[in-house]
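Just passing along the structure, written as structure tokens.
Chain nomenclature is as follows: A, B, C and D, assigned in order of appearance, with residue numbering initiated at 1 for each chain independently.
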Amino acid sequence: MSTGRVEAFSDGVMAIIITIMAFGVTPPQGADLDALGEVLPSLLVFALSFALIGIYWNNHHHLLGAAGRITPAVMWANLHLLFWLSLVPIVTAWVGDYYSESLPAAGYGLVSLAAAGAYWLLVRAIIGADGPDSDIARAIGSDVKGNLSVVAYVAAVGLAFVSPYISYAILVAVALMWIIPDRRLHRAS
Amino acid sequence: MSTGRVEAFSDGVMAIIITIMAFGVTPPQGADLDALGEVLPSLLVFALSFALIGIYWNNHHHLLGAAGRITPAVMWANLHLLFWLSLVPIVTAWVGDYYSESLPAAGYGLVSLAAAGAYWLLVRAIIGADGPDSDIARAIGSDVKGNLSVVAYVAAVGLAFVSPYISYAILVAVALMWIIPDRRLHRAS
Amino acid sequence: MSTGRVEAFSDGVMAIIITIMAFGVTPPQGADLDALGEVLPSLLVFALSFALIGIYWNNHHHLLGAAGRITPAVMWANLHLLFWLSLVPIVTAWVGDYYSESLPAAGYGLVSLAAAGAYWLLVRAIIGADGPDSDIARAIGSDVKGNLSVVAYVAAVGLAFVSPYISYAILVAVALMWIIPDRRLHRAS
Amino acid sequence: MSTGRVEAFSDGVMAIIITIMAFGVTPPQGADLDALGEVLPSLLVFALSFALIGIYWNNHHHLLGAAGRITPAVMWANLHLLFWLSLVPIVTAWVGDYYSESLPAAGYGLVSLAAAGAYWLLVRAIIGADGPDSDIARAIGSDVKGNLSVVAYVAAVGLAFVSPYISYAILVAVALMWIIPDRRLHRAS
């Protein structure tokens, strides 16, 4: 199986997730500013999720561009990542509805954490397929940003029970850290 | 018509099904563990359906990769398969809502059975187009796994009326059996 | 602009329409046969609409395969066709809800008629771009099947007010007539 | 990263937006003309939004066809445009529900304005990547139509508070102005 087909399928899934998430934002139930204000939290969490999926799309593209071959392990690791990303619209809608509560914020953090873990597994599967001397193995090296994200997501899950707004601040910070595409993979691809 | 276009269209449809199925999972109607617990069955059946479509995507890709040419019969057999797969989100939502009942479990089994039958028809249509001496005809040989799935799905439909949980166990077992991509086709493609 | 991009975009839109239409079928609101019976009309009209879009996808593919170049007129004629096709899910859901009434059946017929008219316009736009001596102009010739469909759809709209079931019979008959891909274009492409 | 992949992803997102927007049009809640009449405003605003996304798809295609290379700035400018376009279904549904009110019309105008601004930023990012002597920089020149659209959208936002129908007239006029693909980019691509 070529990397091209896996990329095309993954791109399709991510394009649908990013677009369809907007439907978790119920249109304002009224035509005044109050009704608009009520959907504001939904819009903000939609923007965060849009950035999250956009970041995965971008990094996923660089990752698969640097990958040499697709083994069954790589293919299932990729589907596993897409599974967790496909839960993002659900937690996005949940947080949009109950943004001031701890559990939805922790749920959002947990899905982010699982997606980050799935991405990590995908990187290992690709390195496993291409060998420790491959471009990708060297390019990844010590994955500081990836490890930092995992730690931050764990913190976002735990601190949601202190205040969900701490979680949101952490999630936004991680997104900002990733918006610049990973220089190391960029060089390798 | 090239196999490429049929693959691209099928991939598009399966990418949409896999993604959009998540919308059958209503976000928790509350911010506590009870509300989360109520959506757990929906999440589990979503995970099963995600695996089911993922398996079809993977095997479909290997199948079309081994196919030589697309006749009208192949094209309609393919659309027929996509028709049954497009019913998966509906039975997924139905089982998510009434997971402890027999009829939804039987309905899920029936759609799985129809999709397996449609896949079987697609294989025959491709062999019919390429001839009995083609790579694909030899690669398929005696389709043990395919036949076993059909028997298992028939059992899942019938035993749902004893207990839906027996059906779910069978459906999960079939999914696990298929997660390893078919070695025979793999070799042929 | 290449025909490839227009085909890819159109395929994407049709793949989404065909998949997402299944969401107009509300999952049964109960776990017994009565609840299942209530969604049966929705399932049948979904199957009809699935065939309708499948036919357009197939013929559209043959048509664009025979087209030489994409002018702005061709591009807008194509978007115009996609516009009417994107209304198919709405009339599908409407008929699914009120299948025994005249107006929804007439509405379904009207959208079918408009899509057929838009397809006719697209054919003219392509012939206009490629010239009267082009392969496509010769392949179309006197478009008996296309003209017959338009007449049948007009009848389906009108006769819906006698009985919606006459409309459904006509719509099914037209679909069956088109399921065999158009031999003339097939030869030209 | 090639322009091809960014185009394919953007096309996918726009194909989904254009299709899925139809779901903001609730099927008529009844089978008589009154019920049909109630969804008419939703259908009209859907048609306007369909044209809007169709115009962006067309111009975006010409723009990326003329672009030389994709820098991170171009990629994020493109995602930023897609973000605003993905809000179009929400404001479409809002206006469909409350078409006679000022705030939804202003909201629609604001999203249109933000998308136009995002498109302008994308053009700048592409010129920044390709240099001031590139084909695209010359092709754009003084962007009369783009500037005119921004002015018109600002007016549509403000005048919505006089009457929403003035906004709709302006939005329709801007759409008509853009339906003819941009001759300058057409020449350069």
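One rule holds for everything that comes next: a residue touches a chain if its C-beta (ideal position, glycine included) is under 8 Å from a C-beta of that chain, and two chains touch if they have at least 3 such contacts.
Remember, it's a predicted structure, so these values are computed and weren't measured experimentally.
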item: Other chains in touch with both chain A and chain B; value: none
item: Same or different contact residues where chain C meets its copy chain B, judged by the half mark; value: different
item: Equivalent-chain rotation between chain D and chain A, CA atoms, steps of 5 degrees; value: 90
item: Remotest chain, chain A as reference, centres from CA atoms; value: C
item: Centre distance in Å when chain C and chain D are each reduced to the mean of their C-alpha atoms; value: 26
item: Whole-Å separation of chain centres (CA-atom averages), chain B against chain D; value: 37
item: Set of chain B residues in contact with two or more other chains; value: 8, 12, 16, 20, 23
item: Overall pattern in which the protein chains touch one another (line/ring/star/complete/other); value: ring
item: All chain pairs that touch each other; value: A-B, A-D, B-C, C-D
item: In the complex with chain B, residue positions of chain C that touch it; value: 7-8, 11-12, 14-16, 18-23, 25, 27-28, 30-33, 36, 43, 47, 50, 54, 57-58, 61-62, 65, 179-181
item: Sites on chain C touched by chain D in the complex; value: 1, 5, 8-9, 12-13, 16-17, 20, 23-24, 72, 75-76, 79, 82-83, 86-87, 89-91, 93-94, 97-98, 101-104, 107
